[in-house]
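Naming follows writing order (A, B, C, D and E), and every chain is counted from residue 1.
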Amino acid sequence: MEFGYTIWIALIPFLAFLITGLAGHRMKPMVSGLIGTVGIGIATLLSYVAAHQYFFGVGKVDGVYQKIIGYKMEWLRFSETLAIDMGVLLDPISVMMLVVITTVSLMVHIYSLGYMAGEKGFARFYAFLGLFSFSMLGLVVATNIFQMYIFWELVGVSSYLLIGFYYNKPSAVAASKKAFIVTRFADFGFLVGILLLSYITGTFDFVLLTDPEGAAITQGSGIAFMGLSVMTWSLILVFMGGAGKSAMFPLHIWLPDAMEGPTPVSALIHAATMVVAGVFLVARLFPVFALSAPAGLEIVAIMGAFTSLFAAVIACTQNDIKRILAYSTMSQIGYMMLALGVSGYGGADGLGYMASMFHLFTHAMFKALLFLGAGAIIHAVHSNFISDMGGLRKYMPVTHITFLIACLAIAGIPPFAGFFSKDEILVAAYQNHMLYFLVEYIVAGLTAFYMFRLYYGVFWGKEKTYEHAPHEAPASMTIPLIILAIGSATTGFIPFQKLVTSDGMAFDIHFHWNIALPSIGIAIAGILLATAFYRKGSDMPDKIAAGLGGLYRAAYRKFYIDEVYQFITKKIIFNLISRPIAWFDRQIVDGSMNGIAYITNMVSAGMKDLQSGQLQQYAFVLVSGVLILVLSLVYLMNN
Amino acid sequence: MSIPFTHFLVLSTLLFFIGIYGFLTRKNLITMLMSAELILNAVNINFVVFNKYLYPDQLHGHFFTLFIIGIAAAEAAVAIAIIINLYRNFSTMDVEEIDQLKH
Amino acid sequence: MDLLTLLIIIPVLTIIGLVFCKDHKQVKIVAATGMSVQLLQCIYVVIAYLMERKAGNKAEMLFQKNYMWFDSLNIQYSIGVDGISVALILLTGIVIFTGIFASWNVTHLAKEFFISLILLSSGVFGFFISLDLFTMFLFYEIAVIPMYLLIGIWGSGPKEYSAMKLTLMLMGGSALLLVGLLGIYFHSSAGGSPLTFNILEIAKVSIPIEMQRFLFPCTFIGFGVLGALFPFHTWSPDGHASAPTAVSMLHAGVLMKLGGYGCFRIAMYLMPEAAHEMAWIFILLTGISVIYGALGAIMQKDLKYINAYSSVSHCGLVLFALLMMNETAFNGAILQMVSHGLMCALFFALIGMIYGRTKTRMINEMQGIMKVMPFLSVCYVIGGLASLGLPGLSGFVAEMTIFVGAFQHPDMFHRIATVIAIASIVVTAVYILRMVGRMFMGPLDNEQFQGLTDAVWHEKIATVALVVAIAGMGMAPLWLSDMIGNSLGPIMDQFSMLAP
Amino acid sequence: MNIESFLIMRHELMLTLAAVLMLIAELSFGKSEKSRIIPLAIFIFGAVTAVGFLPAPTGSLFGGMYQTSALIILMKNILNLGVFIVCLQSASWLKLPVNQDKGSEYFLLMISTLIGMNFMISAGDFLMFYLGLELATIPLTALAAYETYKMKSAESGIKLILSASLSSGITLFGISMIYGTTGSIYFNEVAPLITGDNLQVLGFLFFFTGLAFKISIVPFHLWTADVYEGAPVNITSYLSVVSKAAALFILIILMFTVFNALEVVATKVVYVTAILTMTVGNLFAIRQQNLKRFLAFSSIAQAGFIFLGVIGGPGLGITSVIYFILIYVFSNLGAFGVIAVISGKTGKENIPDYNGLYLTNPKLSLVMMLSLFSLAGIPPVAGFFGKFFLFAAAAQQGYYILVLIAVANAVISLYYYLLVVKAMFINKSEQPIEPIHSDGFARVGMVLCVLGMVVIGFASIIFDYIETLSRQL
Amino acid sequence: MMEQALFYLFSAIILGFAIMVVTTRRILRAAIYLLFVLGATAAIYFMLHYNFLAAVQITVYAGGIVVLIIFSILLTSKMEERLEVPALRKMLFSGIVCAGGAFLCLHTILTYSFNPVVETTKPSDVKLIGEQMLNYGANGYVLPFEVISVLLLAAMVGAIIIAKKGKPQNP
């Protein structure tokens, strides 16, 4: 099989994980770092080769990109039809994801050589990175929804491990736990969804599931439950898993906290790759969504739209550089979800789908860049807060420029990548429903505003006094920045409509000036507003914040979602369910078992006077015993 | 035979339960023993009467009675030995006081 | 000597060897040697089994041997294995092997300790190879009773109370069981054939349904007590908390599996009609076990209590799966037994080792011990991850098989119950992460813990063996699943007439 | 009369001979030589026991008053074995100065009670049965009151003899009614005339009371604990094992021969009393501190379990009862052997005194533990097999509820047995019993018990042998 | 007629004195009343022509047991001593049980249809008794005879060892 080697794209990082994990503490830190980096480097090369081969070679048959099984083995069989296969499924989105993941991962690997240098647990860090890369790659190439679930979980756990990398920091531990549990909760839905899906369709296999003419889709909409078909329900449940991973409201709460992890991890996992897994999941099942459960897709769109707005508003108020980026990520993922949600299936109807994937791709570039840049800044000033920064452009020129490029890209200023992808999304939204368009339009403006608020706050504004003079990051860190900056600047020109489409067939897009111009306009407006507020520093923002009062405070406190969760978990689950159960178990269930013993003892004690030591009493009992026997057996019971 | 056969049985049964009553109420050990003798005597009457009136061609009941009398003697001997031992060593004759062993 | 009887002979020989030991050192060497040989023998049995199957032997039970024992009652010493028992034998071999190494530090009456422990294991082996109900019951009791002394003498905390409670509750279960077995025996005759205790023979007979209605609950609850069926599980937290390390390992790891195995092999296999009829009651109970155990674990502070409740939940899942009565779910149940056995053994081994160092099992008294004992902590985390069903470790394979199997049930009630059971994986994550987070992570504040050391060689043997087994099963489950699945055919035949 | 008749009666004759030898020894040995009587008696008794196992003819003598069969011979052998072990265990106690000059009387009385039991089992009519019963009881009361210098011993003696005389009076009343309604005292003549008439039922119940009294069936058991506690340890073990076993033997024989026609009534009685006996015995046993008293209640409960076999009907029922009694002899005597040794050396008889015994006296503790496990029905010791078959017998007749109650009781009984095990193995003691060196006889006795407990269970041949014999009943 | 009168007379004596035996507060009198009861019983045996049995009854019972009892009374009790009256509760319950028992038994006995055979004049002479006593065939009683001899011997030995003087350890 010509794509057989693709399995190694995933396996090489795994090998790196095993080597660095098992033997890491025995070797010099840098060696394990290099092992990891070289490993992912090879994987990156292989995925480029595969991408080239797929997109420009054998992938396209009769103008349609095929689903190609590069490798497949049976891993666990449940019944004749249901089995978990492990394998590599190549189609446009998985190949694209391979490229994205390996690229960003490679950048992060290289970057971390500098960023993490001297950290205790360097080898462990690379081991976890390897594990993550392996899991993420395995996820995207999954041939089977269960394989995807498996890697989905593995991604989750590597995220958990990496967030909790600084394990003696309580906040990191708490954040990792939160991330895992929230996504786990979402995965519960995913799993039930998978089971329901398999119950209806009798298969786990993606090829069978997503075949538009396949039995799975055509017979899908059977019995209805609460107004929606069972198929829709199962897809909603599956989407719940995706929403968890992709931090859709209200399952988003783990993502900002996840910033406790090392910054390169945030770049890799919580910006470029893992968090878009939900988007990828919906995209993977898109034919099923689009053809047999449009209601499900509607929900995806609503969730996407709401989250993007919600997160953007919060992002405007935050002070922690990484948290701003985290909310920004949420917001951008909302975009992608919305795009999927408003998309149709096949040809030009699939504009949203294409746009979503496109944005996923470009977003990976500039968001990774933003995070890595933020990492460089934090590395320099040893703080996460904008308030501790200012005027850094003089000290860190490379970081400054690359960061600016990323900001322009995310704000949607042409010709940077973000403009093109975001524009397609706006078009798709516009074609579907005006409301979606308006929301996303506002979000575009907000995005530009908060990104430049950040930009000015860090690189301009009042210069702070620094304990150690900040200096530019080492080459191992700046090189990835530069590479990603190039990516952010140029990837917008990739013709996605020719490559990654909902049905594998290329289509043409028309440039909509009526949408592009206003969107550029609002972006510029946002930038200008930010410039006015933050370039020199002014008291206007505070005044506005004060003017907004409660609304500002609510946004600043992230709309109290965390508090709600706290209430539900601590007060309700712990106190009202778990504690009573523990009590019930000890007192009632166990108590009744002990009670039997107690009663036995009591009866025993109560009976002791029967054995009084009085011979005549014994005789009395004996005689009455006989007489009772006689009475009952001769007269009462003798039939 | 003019005495109703069952009257013997009434006699013996009453004697039997009088004996039991004595056994259950008398506090002195020796009187308890006497009550036991009453019980045996009642049984003896039973055996004899059955033998005489119902199955006179064999002497089963007759012999049974003989042996019961013999055993009663042996029983009484041992019981009295124990009672005397109790009296001599522990100076008690009252069954209600003999209750070291209980519960 | 045949292959299977050797599984009993080796422990017995080891015990005899132990009797003649002079000091602690000899005792340990003899015990370790004996159980290593036993482990090899178990592996050999597995290989021999697979070879035999590969050679095309389609018999229901392999290596079958029958020796008449009590002629007048037709009691036989009858042994044989299928894929299910082989899997559990392997599990037992691993757990007892690691158990010996985990109890390397026992010094008080060491000889007696190891004798009791190995006696217990011989009971377990005997149980798994028996095909005769009487012999099975005999071995069952042999496996339960040494527990009293093991907990009572070498335990900690309120050990006498726990030991007594455990023993009495389990014996209460076995009392019900006894009634069930006798009932089965006296209805095992079909058309004038002699009464029999042989499972395979009885399976061919259809026990009258009125009788089944009485006998099935007896046997199922009887075994269920050992399998921690709600509400008869309360021996488990106290018992596990008080037991010494190796005993907790063996008990949670293997003994509780006796319950599941018995429910399967005896209650359900022999009385499918009643099982079908009454399944809903027990599905409710086991469903409660699953969720309730997990929720109960959240608030616990004592490590052993956490794991005990977690065992209630996991073992509940075993019974739950069995009651779903389809091939996949059965397979999952057996896999879960193996998986949970390994996990629990690992957990309790590690708890013992950590407790040996910190002298506390309260998670709120520990913090950041990852720093001083990274090896133990990492192993513990791996165990925890396995427990919450992380792919690549054994728990996932088992749980997914169960869930997929259970969810294929055509009945709505069963599927809803399944969804509720699935919810337990979330709760499991909560308490596992809470425990891991509290104990291993965070700053190491306690001065006394600064000087603690990491695992030593014998501890490493125990933990590594278990971790390898867990990971091995998690990564390459197919052979195990196939081995079990191939043996489910005859069992499914029992249930086939019930197909809706 | 010919030589064969002697062979048929060889158990009784040998025992009588042994009794006579004891008398002669008593008369011919000087005061200083009295201690030699003990080994001599044990030797003689051992020989008697051994000879009992030799094959010999069976049959009926004295016009049917005496009958014996292979099964009855087996029963007698079991009793002999039990008494032999009791004798072994008594040796050290008899050597105490207070008992020194009463050795031959002890053996004489014991042997005569055994003769009585043998005649009772072999009885072919009610008269022989009654005589055997009395012969088995009256000398026994003398033995119970043997330690005349102890109030408790005297108390136990008087309680035993007075309640025994009451119960035998009741029994006789019952026998008289049976005689009155059938006209015979010969079992084989009575049997066909039992019709289940009210008066016969009444007679049967009165008669049953006497045996139930001997077996300590609730509510006729109240004497048991007091007498057991007060009597010398060896007599207690004798009472609890041999005397009880003999009564059970004759009970099953009569139940399935003479009173076979009263099956319905008998079943009800046995059913009810079995439950009562197990439960009451267990509930009392839980609270006991004195080991003798403890074992008294435990033996009451055991009798309840045995009744499950009795209700199990001929065949499996009888087999399981005899088999269980065989095991019970070894188990209970094992436990009593340990108590005898310890009480003889230290006078301690309470459970708390046994705290930490394992650390000082491991072997004694192990014997005790095995015995208790056997009593509780825990494998691999024989008690498990015994109980299993008893329950099987009851289940065979469909009495599942009864079996359920019985197994629940078995769990309770396990609880209190474990309490003793706990004391020995788990509890710590400030002043543990010092290491004890028991004498050779006691050791032989304990080894026999352990062997019995281990072998009888696994050696299915024994069970099958009993099964073959009981089919002939 | 005469027989009848005698029978009821003896019955009255038996029952009356039996009640006295179990109620009198003077222990020696109780023994004497017992003697009367046993004597009256012997008289009934005579009436039934069981002369040998009656003789045995008088010799063994009256002559043996009662004398033994009287001796032991003399040994253990003071003449002037009155026995305590048992507690009312005890008397009441025992009385109820005994009365109930008697009623139960009598009811059962009286509802049973006995078939008394017509008076046979088979003499129960001592010769026949002796023959049967020493016969080892059917209906022979040599075996019980032997057994009871063992019993008496054992009882004697037992009585002696108990009655032997020994010092009390814990009074």
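In the analysis below, contacts are C-beta pairs under 8 Å (C-beta built on N, C-alpha and C of every residue); 3 or more make two chains touch, one makes a residue touch a chain.
This structure is a prediction, so every number in the text was calculated from the model and none was measured.
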Touching both subunit D and subunit E (chains): A, B
Per Cα centroids, the chain farthest from subunit B: A
Interface with more contacting C-beta pairs, comparing A-B to C-D: C-D
Chain with minimal offset from the mean of all protein Cα atoms: C
Longest centre-to-centre distance from subunit C, chain (CA-based): E
For subunit A paired with subunit E, centre-to-centre distance based on mean C-alpha positions, whole Å: 101
Distance from the mean Cα position of subunit D to that of subunit A, given in whole angstrom: 77
Subunit B and subunit E: spacing of chain centres that average the CA atoms, whole Å: 5
Subunit C-subunit E separation of Cα centroids, rounded to whole Å: 70
Per-residue multi-chain contacts in subunit B, two or more chains: 16, 19-20, 23-25, 32-33, 54-55, 58, 60, 63, 67, 71, 74-75, 78, 81-83, 85, 89-90, 95, 98, 100-103
Residues of subunit D engaged with two or more neighbouring chains: 127, 131, 134, 138-139, 141-142, 145, 148-149, 151, 157-159, 162, 166, 170, 177, 180, 198, 202, 225-226, 287, 415
Multi-partner residues of subunit A (at least 2 other chains): 597, 608, 611, 613, 615-616, 619-620, 623-624, 626, 630, 634
Chains touching one another, given as label pairs in label order: A-B, A-C, A-D, A-E, B-D, B-E, C-D, D-E
Parts of subunit E lying in touch with subunit B, wherever the complex brings them together: 1, 3-4, 7, 11, 14-15, 18-19, 21-23, 27, 30-31, 34, 37-38, 41, 44-45, 48-50, 53, 56-57, 60-61, 64-65, 68-69, 72-73, 75-77, 83-84, 86, 90-91, 94-95, 97-99, 101-102, 105-106, 109-110, 114-117, 119-120, 122, 124, 128-129, 132-133, 139, 141, 144, 148, 151-152, 155-156, 158-160, 162-163, 166, 168, 171
Complex contact set, residues of subunit C against subunit D: 69-73, 75, 134, 137-139, 141-142, 145, 148-149, 152-153, 159-160, 163-164, 167-168, 171-172, 175-176, 178-179, 182-183, 185-186, 214, 218
Parts of subunit B lying in touch with subunit A, wherever the complex brings them together: 20, 23-25, 32, 95-96, 98-103
Sites on subunit E touched by subunit D in the complex: 105, 108-109, 111-112, 114, 135-144, 147-148, 150-151, 153-155, 157-162, 164, 166-171
Subunit A contact footprint on subunit D (complex, rising order): 158-159, 162-163, 166-167, 170, 198, 201-202, 205-206, 208-209, 213, 219-220, 222-223, 225-226, 265, 268-269, 280, 283-284, 286-287, 412, 415
